[in-house]
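The two complexes that follow have chain A in common; it is paired with chain B in the first and with chain C in the second.
For the complex of A and B:
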């Protein structure tokens, strides 16, 4: 069995995750942006970190079913966004009018 | 480099390929399951009547400790898989045990955190925030706890049978599960804790 390379992918993924986590905490706790702007920033950082996990740790693109995996996960994420954004939209807007 | 280009052991049979694909589809369903819990939390987080609000009970330091424990365990699980593909059973098991210890540390801190919240006057029955919070966090914590048991059983199997096409596939699937729980935690960290502390 030939020795594989140093697991560079995983080390880079781990360091990126740490940096993104600390960055999100700093933006949330130490900056003076309006809170909805902060939410957009840390939300984007969370999505990036999830992508790091999916690509660098979970090898989503690997294997013969790599493309099917991506379609499946993208569709699930679409459903998740519809469920979360839809619930917030329907249940928290327009309360003042009633 | 040779083993980089050849098919990894866990993909070596048709059955293994199907099992791994099937597990990805299960993870898709898990994403939807957690999305319903996140949706409930997002809608109900403001209903804090009769109990403390997020900012009064969340402690950033404790949350960061939990985050780094789980993050590091995801990394060591990746290293264990890397060693499995090198066919290095001892190193693989060492990283797996480290992963389990980090996972157990996470569960320990989370239970302590829940006890702290109950002492501060927030239980599942207190208000809608409490119900949504403990359901979301509890479902994630239960997943991690089940994952620990699952990995433990696989360790026994790998000790007995070694790295075969079957055990390699099972370990690959459990590693997907473990990384997935870290992905869910990233969103809990951001949309529950950081949002609540802001």
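For the complex of A and C:
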């Protein structure tokens, strides 16, 4: 039999994720900040949420497969940069800029 | 949504299908009840967590969807077979090409590939199941529910009609007020959950459950392609999830992610769609490459040429595939810098792909080639796929693409890539691994009919499209005048489509014939093959391997045969731990389907109420403490003795 214990990490992570998401929605919809400030706040919340998920759900701090974890993180960061920076580049240059 | 529009009415074709669907369903229920098979179906199939059975269900669903998507294709080619034809009206034609695209990519190609991966990959690495068997069942059932939800659209509520790409603003509420595109957003979302879960499942299985001694660089090529495809799934599918969620919010809840008037951007949809859509092409084509690698090595009776470069080129293709998505919309009005960069990355993909083609050719060189059906499909793949690939490089050039964009030339190109790349591979894979799944071979002679009808039909259908495309015919045109001169080409294409369909019918007949008459006495290794899956019985025992093999090199089963290490000893067999069946995946997926259906019809309150079922499913699963069961060693020994004969 496996040892059963209350999945505290998961519950806390789940609640934190919900709170951070609602916070982002509130900042976007209910506040009067300038839109670039909103972007910065939402972006910061997103980074926090990513950390919550990595630590609480993906067990990044546990286990021995350090090398695989590093490859994973590097590749994920690379993809995030490609997707976000690429999209901004594509959608804001060209005819959209004129 | 007005209830009087609940059923689609007024078209005799659709009325006919409604009656046919109704009768088929009643017939199935009556037949199953008459044969008293409900309990058997529930216990052996609906609740199973066995990767082989789940794989078989994927394959059956994929073949059914192939039929449905194929009928769509035939209807399109019939409509365009003559100028000013009046078989389908514009609206119906729009719906048909939309569902054809979605069904063929997401509900035909994906399940057939994931099905074969499910059956074969754990066997190739010497594992007893995937890492998360229950999650695997959930993957299948969410896919199946998503596919069914999408398919009821053409009799209930109306099909999506904005193309499989569902470009905004056309697919938005303003220009497509009917609920058809809600089906698109919701059904794909539900099916996407399953695909993402499959991707994670396969990655963990391959990284954690390989037999002792099987280093990464000793894995069979099909397992390698599965690993890389799974990484791509995990990288790309969340993008689709986000895009579809935004589309759902726009359409159902009045958000404005994609409407310019409210500060949104329709081009954002194209951008996100192809950020997923291009990797998706490689998600379906990489496992296919893996299948060809296995088949070509086995039937050339040689080991795969250039194993390391093969692995490198798969990884290279996967890496580049995330960097090319703009080539689907060069004409959007991007800056010259954007188009140039993506032009170059796109052309670079031809390099690793070329490496693979030459590796296959060199594998065959000086081999003793056996022209079995699986091998025939692999041989036909190389020239057909090369035509698709070379025209792809033409399309990759941004400046020239302004001429080709959205013409029939493009349609011909991607059919020349996807049909040889995926469908031929699936056929090769089915003929090759059929004995592992069902314990008999498909008939080779009927298979030749299948092969030749399909190959001739395929080329006849799609080759003319290159020429009419260059002559200016754009895709998705439902009618044209005689003065265009396209009539003869399109008639030829229509004839080809029916030959193609005859090829498919030959496959179905082959399955029926072989099921009834083919020899069951074929042993575990009917092709004299090279990798570990052939060290098991045909069909495979539920526990896969009585004793997990030790791996010392590539093509381990071949080495075992040469060294006479295929026998097992009684004392090596221990009790085998197996996962228990579970009803949660199917029930949970049905709950998703019910909520999805209400969301499609924008009945928000009902959807909210029935969401309780989804949450109940999650809770039920959290408290499911079933740790599986053990098959006693004595019983394993009995089973092994039965298929191995005297030990």
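Basically, the second predicted complex is superposed on the first by the 69 of 98 C-alpha atoms of A that agree within 3 Å, B and C clash if a C-alpha of one lies under 4 Å from a C-alpha of the other, contacts with A are read in each partner's own complex, and residues count from 1 in each chain.
Just so it is clear, contacts are C-beta pairs under 8 Å (C-beta built on N, C-alpha and C of every residue); 3 or more make two chains touch, one makes a residue touch a chain.
Since the model is a prediction, treat every value here as computed from it, not as a measurement.
J.: Check the residue A:91 against both partner chains and state whether it touches chain B (first), chain C (second), both, or neither.
T.: Both chain B and chain C are touched by A:91.
J.: After lining up the shared chain so the two structures overlap, which partner does A:58 touch, if you call chain B first and chain C second: first, second, both or neither?
T.: First partner only.
J.: Applying the document's definition of touch, where does A:17 land relative to chain B and chain C: first, second, both, or neither?
T.: A:17 sits against chain B, while chain C stays out of touch.
J.: Just checking: does A:83 make contact with chain B only, chain C only, both, or neither of them? Give me first, second, both or neither.
T.: both
J.: Give the label of whichever partner, chain B or chain C, reaches more residues of chain A.
T.: B
J.: According to the stated criteria, A:68 is in contact with first (chain B), second (chain C), both, or neither; which is it?
T.: both
J.: Applying the touch criterion given at the start, work out whether A:28 contacts chain B, chain C, both or neither, answering first, second, both or neither.
T.: A:28: touches chain B, not chain C.
J.: Both chain B and chain C contact which residues of chain A?
T.: Residues 1-2, 4, 68, 75, 79, 83, 86-87, 91 of chain A touch both chain B and chain C.
J.: In the complex of these two chains, what residues of chain A are touching chain C?
T.: 1-2, 4, 68, 75, 79, 82-83, 86-87, 89-91, 93-97
J.: Which chain A residues qualify as touching chain B in the complex?
T.: Of all residues in chain A, those touching chain B are 1-5, 7, 10, 13-14, 17-18, 21, 24-25, 28-29, 35, 38-39, 42-43, 45-46, 49-50, 53-54, 56-58, 60, 62-65, 68-69, 72-73, 75-77, 79-81, 83-84, 86-88, 91-92.
J.: Where on chain B does chain A make contact in their complex?
T.: 1-4, 8, 11, 17, 20-21, 24-25, 27-29, 31-32, 34-36, 38-40, 42-43, 60, 64, 67-68, 71-72, 74-75, 77-79, 82, 85-87, 175-176, 179-180, 182-183, 186-187, 189-191, 194-195, 197-198
J.: Going by the contact rule at the top, pick out the chain C residues touching chain A in the complex.
T.: 207, 235, 239, 265, 267-268, 271-272, 275, 322-323, 326, 332-335, 337-338, 625, 627
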